[in-house]
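Each of the next two complexes has chain A plus one more chain, namely chain B in the first and chain C in the second.
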Partner chain A sequence: MTVTRSTEVTFSLNGQQTTVAAGTTILEAAQETGVEIPTLCWASNLTPVNACRLCVVEMEGSRALVPACSRECEPNAVINTDSERVALSRKMVLEFLDTTNDLTQSSELQTLIELYGADASRYSDPVRSEDPVKVEDDLFVRAYDRCVLCYKCVEACGDDAQFTFAISMAGRGFETRVSTEFETPLPESACVYCGNCVGVCPTNALQFKAEFDLRQTPDWDPESQTSTDTICSYCGVGCTLEVHTQDNEIFKVTSPSDHSVTAGHLCVKGRFGWQYVQPPTRRPPTNH
Partner chain B sequence: MFGAGGGTSSYREVEEAEFVLLWGSNAREAHPIYFHHVLKGIKAGSKMYAVDPRRTASAKFAESWLGIDVGTDIALANAVAREIISADMHNKEFIDRATSGFESFAAHVESYTLEYASEATGVPPEAIKDLARSYAEASTAQILWTLGITEHHNGVDNVLSLCNLALLTGHVGRWGSGLVPLRGQNNVQGGGDMGALPNKLPGFQDLTSVESFQKFSASYGVDLNPLPGLHLTQMFEAMDEGAIKTLYVIGENPADSEADVGHTRKLLSELDFLVVQDIFLTRTAELADVVLPATVGWAEAEGTVTSSERRVQRVRPAVQGPVGARDDHLIIGDLAKRLGAKWLAESAEELWDEVRSLSPMHAGMTYERLEKLDGIQWPCPDITHPGTPFLHDWLWQEDLNGNPRAPFSVTNHEGPKEQLSDDFPIRLTTGRALDSYNTGVQSRGYNSPIRSGDRLQISEADASSLDLIQGERVRVSSPRGSVEMEIGISHDQPRGLAFTTFHFPELVDLNLLTNDEWDPKSGTAEFKAASIKIEKLTAGVSHA
Partner chain C sequence: MPDLKFSDAVPDSDERAVVDALISTPPVEQRSERWVIGGRAREEECRHLLLPGLHALQDTMGWITPGGLGYLAERLQVPIAEAYGVATFYELFELEQPDTEGPLHHVCVDPVCAISNSASYIAELRTKGHRVHESPCLGQCERPPAAFVQIKHGASQDLAAATKTPIKVAEAEPSRLLKRIGEIECTDLETYRRHGGYEALHLAINKGGEHVIEQLKKSGLTGRGGAAFPTGVKWEAVAAKDALVKYVVANADESEPGTFKDRVIMESDPFALVEAMTIAGISAGCEKGWIYIRGEYTTAAERMGAALTDATAWNLLGTNILGSPYNFDIEIRRGAGAYICGEETSLFNSIEGFRGEPRSKPPYPTDSGLFGQPTIVNNPETFLNVLEILNNGVESYRSAGTTNSPGTKLFCLSGDVSEPGLYEAEFGITLRELLVRAGGVTGDLQAILLGGAAGSFADSRHLDIPLTFEDTKAEGLTLGSGAVMVFSSRVDLSAVLMRLAKFFRDESCGQCVPCRIGTVRQHELLIQIGNRKPTSDNDLLLEEIAAVMTDSSICGLGQTAASAVQSAVQLGLIGDKQS
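And then the complex of A and B:
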């Protein structure tokens, strides 16, 4: 007898019969059909790690809520992405993060906090993460009081993109932190300053030094900022850069995660090597 | 290759190829995001081998590193070919249908035995044999190279020797199999595409072809000069002979970047008239009679660039340039008008549409489509064409789609022009560091925490026999000149080979040492192989 494996899976998604290719995750199926599921530790260019539990959905017959980012669609499953139980779970995940970390620089999380009515003040005397900002070089800073331990930076530094393995999770429980080996300062660690950790960070715990400096001034003005797609000026690979500017000065460079060349990742030259464009290195000629 | 001046494959192919051969390329540092695609392939199970004199950051990811002596690539490639043929692993059906010259090629490589090649290259015979078999038996295989292949006095023959391997095995013209020269600068491919070659018009159309000559002359309303121009190296020779007295340099810094740079500076300063158009007052610009300040192409101007996978992509202004700086094409256009030429294009897009009207391989690439498709890979002959992920699929068609057969090339092992001697017993080769770029004009603008400056990397064995320690300043001399540098001792450096970058001419005038012997077929100088000696500085040296 021949056993054939089905190449398609049909299941119910919020009451709609849905058919997807076998191996598709619930999140991917939802994205294909226009159903929104919030994510935090998931990214299209990284392997799911199931760390944040924000994307959980209800699957009939399953005792616990299941993470949509990594759970594959199963035949005849009945999945509800928007039940009361799901909403309560997401609300509490957001509240726990908000009681611990400074999430003010993540507009996506702020939107979700509002959407789910998360209210951190419901909890009395929460313990907050209070790490001083690490400023060790001129390229990027690490503000771990904003870090929600989503693993994205660790994955981007590791075998999901960069293969440098300069950082990992260290410590236990509330003391868990992203760390270099033996907490070595970044310039002396294995770090090669590609900034791909900065590129995937969802809370701005990792941010460009230029952005960090600008935010310290009264001039910081998101309304007047622009982002322009162009191509890197260094080697001949042709990486797409999103150049973020304010007041005719660049403060950040990113790359779109769906780009076929970069998958959102850059090297140290592309991400940080734009300073030469700025004044005062290029003043207008005086004899003009 | 085989008639088109570009890499055959898409980056994504290297993720899916079964076997990847990195030859004379430290892509991990010089093309880091391309190397991400290589790493994705390795993670998924493909095998990567590296041929390089140094155990580079890239070679550390390789299944096998073949530590070849500088400049002996042809001996290795020919021995690999011989091994494939003698193991009867060559693709006879492909060779019969699509290639020419196999018999004489096979007879020629017969003398490149494992023993001979091992002696010539320093690579153990088993490693050569293993490379030959792994490459030949893979279902798909890519060969990638950069300046470690081309910056030699016989760089073109080096490239042809690698092409032979692809023809022998049929590893070209199919998805996953190909020949990929990684371009070192962001638009060096685009420069060639646009006809910035002495004998080519835009789209690699031959200047000497009557048809294309007439097409361009008619379009511009003037008879073009039908004589091929000079390439860079020939220009400097012409300056030396007094045949060139005026030079217009755009976005190039030869006063730092040329091999045997002392000689170059003398030639530049003896010109009657030197015009430099650049974004900075470079060392070359300092020698100029007139400097034309330009905007930064990728950040302050509109236009296109072409990448190593032949992808034409748009650049856009993110910031406004300084007062007085103008886009390169506007400066050139004004100059052309002053000289009486008809110059109609006012915008970058109008100029691009002119390219599309004259270059068939670009005809389908409107600005709108370039934006929508995230760039398009040439050739793209019309506005419904999706672009071409890989070249030369005709090699697999029964009648070759009317193309001539792809020829095998007979290449001979010579070694570097500058042989080692008792006076200059150490081989010097040069390359890039991850965080820096060319003569540093751009990359020194940011403060990199991983920048170490130009150290002369040598092996522990050489350091000990010369009685040198880490960080010690020494005198380094070649037959052309001499500089002072710091020593860096590296486990990854073989005995007898010194390595350094060329990013810091303000600290170390390295190109005073390099050899300007050049390849008559490409005009590229032999940056990769000079002979040097290393001397301790006299008493009172501080051992930092």
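And then the complex of A and C:
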């Protein structure tokens, strides 16, 4: 018996006949054809968890909306990324997040809130996610009132990048949080301080201590900040680093998520080992 | 040694003992000079023992200590943060040391028990100094207020072993699924056999799986867990899969408020479930079955366990069953207090030792279910129908019910009726007839919650609708799990609605935004409305919250979390009806 396996899928995307390779997700197909679908928990360098539901689209014949980030294109499917139903769902997801978390440090979400007309003021006295900022070391801080539970940090710590498994989702329902075992402080946990969780966080719930400190001062000034590409000098792998500076002081180091060597992930040295380029006397004193 | 960092906390010797008793393999094992099993390979082998391990630790110490959890995690090579994430997912596990050593009383506060004064029972227990947890439905709605007592160092108890036999109406129409329940208690193999037990298995062995599946498809049997998917089609799909390992799973995590049918089946007719699962295994080429029983059903778990032992002793389970070439074994897993684990993919994750969060579908369980293998997953009531079809033939089976909803259905009647209990009736019976069989409504009928918390409200206008899948659907109702909760005019329906909203708020797994936050906002809004008439802004917001939960949640929990509230709005049951 001969088995013919189609390597291409043709379907309708917002009324346009579209052909993509079999196995392509709706989101990837949209990106290829220039159709915009908002995402939050999706990242090109992580496995889709489709938890935020911001990328939902309408698929004819499906009772519920489907997540574009993880649903593969199906032959003859009729997909609408821009219906009223879709817009309502996205608006509500944004309202839910805005009534729960501090989203002020995520410009992408602010833009979407504007775009979809999400109005948090419709809710009277909604319970919010409140958690004092965890400052446990000199490298990064955790401000979980900003955490939208997108799973990105858990994935990056686990089998999408680092294989350290220092953190997991804990609890259930609205009480769900990202946690080490028994809320153990990070320095005593399995954490190896690769900072890959910080690298993937979409809301700045995880941020460099240097950035956190700088934001506490009146000097924080995004306008004057620059990003410089360089190569990490520690070992022979040659990871690309993006060094973010303000007034010639480093406050953050990232790596591009589409980079062929790093896929956005670094180790503790590349991520945090930049103090040697700045004389210690110039660093602000720290009490922690 | 391992590449994972575990806890420095030291386990107690009792904790070591119970964990060692459960896990025979060492964390790292050298099988030959060049073959070492440890780390991820060990985790893949053993991770499904995490949930039983957590139960063992909880039972031993009365809570899960850092030392105990660390030891269990290390033995299983499961990252300790993940083990903590799993433990904190379940209601029955305590991760902080309780103030007292005494038992923990879980007392139901869901609607039926709430109108039967569970509040004063709770107050009484607290006055006596007991620890009380206000629990969601415990599946004992025919004898409210329901309670479940969790005891350190011992067998926790539901009140099911109890005195009151579930009511069966003898004079009624065909008694099929409940024929061995009531006067006869088929908890021993001999009695079960005397009452027709294991005839269907013989038939399945003699005629083969294809015949069984053909009969199921002709019978029109659909799943009784709520989704009503054709059972024969499901079995056929798994039978057609060319996989080395396939599974049969009984979803006995019965947690839908107002539902207790599967509990009664497992307590009173456990061999029937074992037999039907074995037939499923033979029919679809599966050699391993799992029964996932909700953690609060301790009596059911005990009796199912005893049934498995007996069945194995008589070669009704095991290898070459009754001399045939078929092999089949069944393992029991106890849940630990999480409504979401009744969602089939959450249930798989729970068995596998992960947090009980639902998976995205597709892939469906028939393609990738438990441990990623093709899996038949059915409700115990569905399994019992299979025996009925094989023993009496398709024609006889279809003689009851309607063309599109053939056979009989179990209905769990609770609340304001004279004789709450489990009733079997042909599809097509009306609510009015059903209420008459239960001795009528006590007081004036105000509303009926049909299908559980995830169902919808009906009132006197709906009394003559035939209870079939098609007729209820046409009316915007659902049979769901077969729960029929009756509320007379004495009941404050706003309080019932608020409790339902609280139920979903508590039971949402938290994975997706629409359900995690939507259930909270819905509950807050209902509290805000209280007994007032909702404003148009209130109505709009409730409707939009309902829309996003229904349209965009990952699983059925979020998708139905607004259904009862929305139906109450439509019937005008919400807020002060007089104003």
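Keep in mind that, in the parts below, the second predicted complex is superposed on the first by the 278 of 288 C-alpha atoms of A that agree within 3 Å, B and C clash if a C-alpha of one lies under 4 Å from a C-alpha of the other, contacts with A are read in each partner's own complex, and residues count from 1 in each chain.
Everything that follows uses one rule, which is that a residue touches a chain if its C-beta (ideal position, glycine included) is under 8 Å from a C-beta of that chain, and two chains touch if they have at least 3 such contacts.
These numbers come from a predicted model, not from an experiment.
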{"item": "Touched partner set for A:193, first chain B, second chain C, both or neither", "value": "first"}
{"item": "Partner chain in contact with A:248 - chain B first, chain C second, else both or neither", "value": "first"}
{"item": "Which superposed partner A:259 touches (first chain B, second chain C, both, neither)", "value": "first"}
{"item": "Contacts of A:273 with chain B and chain C, given as first, second, both or neither", "value": "first"}
{"item": "Partner chain(s) touched by A:82 [first = chain B, second = chain C, both, neither]", "value": "neither"}
{"item": "Touched partner set for A:97, first chain B, second chain C, both or neither", "value": "second"}
{"item": "Touched partner set for A:232, first chain B, second chain C, both or neither", "value": "first"}
{"item": "First (chain B), second (chain C), both or neither touched by A:127", "value": "second"}
{"item": "Contacts on chain A seen with chain B and repeated with chain C across the two complexes", "value": "163"}
{"item": "Partner chain C, residues of chain A touching it in the complex", "value": "50-54, 56, 64-65, 67, 70-71, 85, 88-89, 92-93, 96-97, 99-100, 122-127, 148-149, 158, 163, 165-176, 179-182, 189-190"}
{"item": "Contact set on chain C toward chain A in their complex", "value": "3-5, 7, 66, 69-70, 79-85, 88-89, 95, 338, 355, 360, 505-514, 516-521, 524-525, 528, 537, 541, 544-545, 547-548, 550-554, 559"}
{"item": "In the complex with chain B, residue positions of chain A that touch it", "value": "136-139, 159, 161-163, 186-187, 191-194, 226, 228-241, 243, 245, 248-250, 259-263, 265-270, 272-277, 279, 281-285, 288"}
{"item": "List of chain B residues in touch with chain A within their complex", "value": "11-12, 30-34, 36, 39, 43, 61, 182-189, 279-280, 291, 293, 296-300, 305-309, 311, 313-325, 374-375, 434-437, 441-450"}
